[in-house]
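Shared chain: subunit A. Partners: subunit B in the first complex, subunit C in the second.
== the complex of A and B ==
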């Protein structure tokens, strides 16, 4: 019987173990950031251990860095300590660090691909759940906790149980690919399979609707695999993948011979067996807006906020969850999504802060001003994205519309730096999680695509971007 | 292992409500514990006692990879979380650092156990006894490797 792409990568990385059961898996790349690593380095020191492969370990600071002028001191003392701690740890253990002043600094999942560190067929881990992003390149990439970070630092391996392969086919063609985006595809998938739909699996996204996507759009898809509960999500590499990585700063010297090998080997066999399957037809899908407090609580922009009964379909826990979500979000069932007014707009995060995201959002706002009731910010995913956007004049388009144009970092995706919502504020956000308090205590998050966020900024409420000319 | 149950009758309790992002800079575990479950239940810190268990629905611990989540619960006194299912990173974090036991249960235990019930978890028999109601439920057994890591007292003590 044939193997899936995931199984091929898994089997190629077994150090110890059988085909079924737990295996010690070799890790090709370990990405490190300031929040989930300090205790891991402390653990190494306590046990007199070294970093096994500093050359395969890359660090940056993204979670709590301020997104204001980099020349200013960091006012939050605890953030400052975490950032300095990472600097010291990288120095002590010989790890390459893209620090706060580096032109390569940025969200770890944005810089990995940009620098050519993310490679097809490799295993990639990071103490961050959105590591699944790198799966867009045909890598097996997943988030780990701090104990596992320490284990990888010390041994370059992890003890893992083999997840099951899950095939998600995305079929058809979007009628308006500028208005209906990769974000709408992945939110539609999660809406259908649920936030636990991918538990225990590695998703392989396949089909025409995936092949049509650019690399940056594929990253948006794989990024949110974790929101469906999956261990990881990946997409078989193709010529778009190889073209994207060619000639980047850390792309290996023998790249073309690697590409030849990948072309031959990195795809699921025709007779491979997936344990689970789901198909989404995208010909007629609409822009998506989350209304609740998990990413599965999402509907079309043209719909109304559902009643807990409609949402839960007879499941009592789902019903309770929806009731609590409506209360927290201060929404009444039956409210048209397009009538929901917003206070804030956040275009950023490892889901949607790459160059294409900013280009698409800029088309919506060019020559316009944001609503006087709205405060809006753009936080580029990396300093490199920021620089490229500025070279194209995008910063001017955003600032002319009264958007704030910020330095790179995770920012308001998770409320660890000063960029947070005030209690009760409602935000159209391009990030990945609408959990209670995620963007600040009492803050209310609606997950949308960059074009939907931009349109909401202009109008002060959600609008169907399919009505706009975005070509 | 005996203790009383704090029950959250809902699915998808995420790590952002278990320990909100602004506390991920806190390295003092005792202080971290004072903010456990703050996003969901502001009374949690005052009501939780040493040796308590949490009981909840599906997909417990979904979201972020923060190990601060099981640490905050563990340093609040929570010895085990019983849930219909767990998000994988939370599950492994709980076991790897020997913070608490993540115990997968079936519907009978979820429906049968109420807030405040005293239960006795016997891992060797994969059994949960409800001492308050005099009922017994099965727990799903740990996989081979998870069982061994638990027995060893965490990932770094585990020797294959």
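== the complex of A and C ==
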């Protein structure tokens, strides 16, 4: 019987395999950041252990860095300690670090692909759940906890139970691909399969609707696999993948011979068996807006906020969850999504802060001003994205519209730095999680695409971006 | 890591589904560089109001659960962020067993690295346990939960069971396979980053 792409990558990385129980899997790339690594390095020191493969390990600081002027000192003492700790750990253990002043600094899942560190067919881990992003390149990439970070540092391997392959087919063509985006596709998928729908699986996204996407859009899809509970999400590489990685700063020297091998080997066999399947038809999907406190609580922009009964379809626990979500979000069931007013707009995060995201959002903004009731910010995913955008004049388009134009980092996706919502503030956000308090205690998050966020910034409330001229 | 064999206490019922790790330990407390002391931040935004006074309607603020070691929660517990701080907070607070119909993958894996036993049971059994007012006993060796009226069996992977029972250091275990790792590296086709 044939194998899925995931199974091929898995099998090629087994160091110790057993009949049952976990296998020891080799890790090709380990990405490290300041928040989930200090305790792992401490563990190494306590046991007098070394980093086995510093040459396969890359570090940057992204989670808690301020997005204001990089020349200023970091005022938050605890953030500053965490950043200095990473600097010291990288120095002590010989790890390459893109520090706060590096032109390569940025969100770890944005810089990996941009620098050519992410490779098809490889295994990639990071102490961050959105590591699934790198799956867009046909890598098996997943988030791990700090103990596992320590384990990979020490041994370059992990003991893992084999997840089950899950096929998600995205079929059809979007009528307006500038208004209905990759974000709307992945939110539609999560809305349908639920936040636990992918638990214990690795999703392979396939079909015309995926092949049509650019690499940056594919990253948006794979990024949010974890919001469906999946261990990882991946997409078979194609010529778009190989073109994207060609000639980047850390692209391997023998790249073309690797590409030849990948072309032959990195796809699911026709007779491969997936344990789970789901198909989404995208011909008629609408822009999506989340209304609740997890990414599964999402609806079309043309709809109204659902009642807990409508949402839960008879499940009493889900009904309770929806009631609590509406209360937290201060929303009445039946309210049209387009009538929900917002206070803040955040365009950023590892989900939607790449160059293409900023280009698309700028088309909505160009020549307009944001609503006087709204405070809006753009936080590019990396310093490289920021520089490229500035070379294109995008920063000017945003600042002319009264957006704040910031330095790179995770920023208000998780609010570990000073960029947070105040209690009760409502935000249209291009990030990935609308959990209670995620963007600031008492803050209310609505997940949307970059173009939907931009349109909401101008209007002061959600609007169907399909009605706007995006040519 | 401390071995885990058996525990007995009353259960703390947490009647919520999809409890994400942002709720278990909010992001403002992730800046510490050590593993200890996270218990005071556990469920912080649910436990305390804006003036940091305990909210009387939250279960952890009911003194009858003060010595509970067993948390019984709704489906998909521990979803979202990979932060192991969530497990450190539960452990530091005093929980050594978490029972739920299902767990998110990364959280589940993090539990075993810290001597916490996560147990998946069917929804109706979990709901029954949430009603249990007498202490229950969780016995890992025998894979049983004894309540005042029942004995419930639970499943656990044998490798994970051994790790908890013996409090094994994962990395020391892996170093026993050093020759296999070196052998793998010799034939690996994936180049170094630098």
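Operating definition for what follows: the second predicted complex is superposed on the first by the 467 of 471 C-alpha atoms of A that agree within 3 Å, B and C clash if a C-alpha of one lies under 4 Å from a C-alpha of the other, contacts with A are read in each partner's own complex, and residues count from 1 in each chain.
Keep this in mind: a residue touches a chain if its C-beta (ideal position, glycine included) is under 8 Å from a C-beta of that chain, and two chains touch if they have at least 3 such contacts.
Nothing here was measured: the structure is a model prediction, and the numbers come from that model.
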| item | value |
| --- | --- |
| When subunit B and subunit C are modelled together on subunit A, clash or fit | clash |
| Partner chain(s) touched by A:58 [first = subunit B, second = subunit C, both, neither] | second |
| Contacts of A:122 with subunit B and subunit C, given as first, second, both or neither | second |
| Touching partner for A:318 - first (subunit B), second (subunit C), both, neither | both |
| Which superposed partner A:157 touches (first subunit B, second subunit C, both, neither) | second |
| Subunit B versus subunit C as contact partner of A:26, first or second or both or neither | second |
| Partner chain in contact with A:261 - subunit B first, subunit C second, else both or neither | second |
| Subunit A residues touched - subunit C or subunit B, whichever exceeds | C |
| Residues of subunit A contacting subunit B in one complex and subunit C in the other | 16, 21-22, 24, 35-36, 38-39, 47, 63-64, 76, 78-79, 81-82, 127-129, 143-148, 150-151, 159, 161, 195-196, 199-200, 226, 229, 231, 294, 317-318, 320-321, 324, 414-416, 433, 435-438, 441 |
| In the complex with subunit A, residue positions of subunit C that touch it | 15-18, 20, 22-23, 26-28, 30-35, 45, 50, 74-76, 79-85, 87, 102, 104-106, 109-110, 113-114, 157-159, 169-171, 174-175, 177, 180-181, 184-185, 188-194 |
| Contact set on subunit A toward subunit B in their complex | 16, 21-22, 24, 35-36, 38-39, 43, 47, 63-64, 76, 78-79, 81-82, 127-129, 143-148, 150-151, 159, 161, 195-196, 199-200, 226, 229, 231, 294, 296, 317-318, 320-321, 324, 414-416, 420, 433, 435-438, 441 |
| Partner subunit C, residues of subunit A touching it in the complex | 15-16, 21-22, 24, 26, 28-29, 35-36, 38-39, 42, 47, 49, 52-53, 55-58, 63-64, 76, 78-79, 81-82, 85, 96, 117, 119, 121-122, 127-129, 143-148, 150-151, 154-157, 159, 161, 163, 195-196, 199-200, 226, 229, 231, 250, 252-254, 258, 261, 294, 317-318, 320-321, 324, 414-416, 423, 433, 435-438, 441-442 |
| Contacting residues of subunit B [partner subunit A, same complex] | 9-12, 14, 16-17, 20-22, 24-27, 39-40, 57-59, 62-67, 85, 87-89, 92-93, 96-97, 143-146, 149, 154-156, 158, 160 |
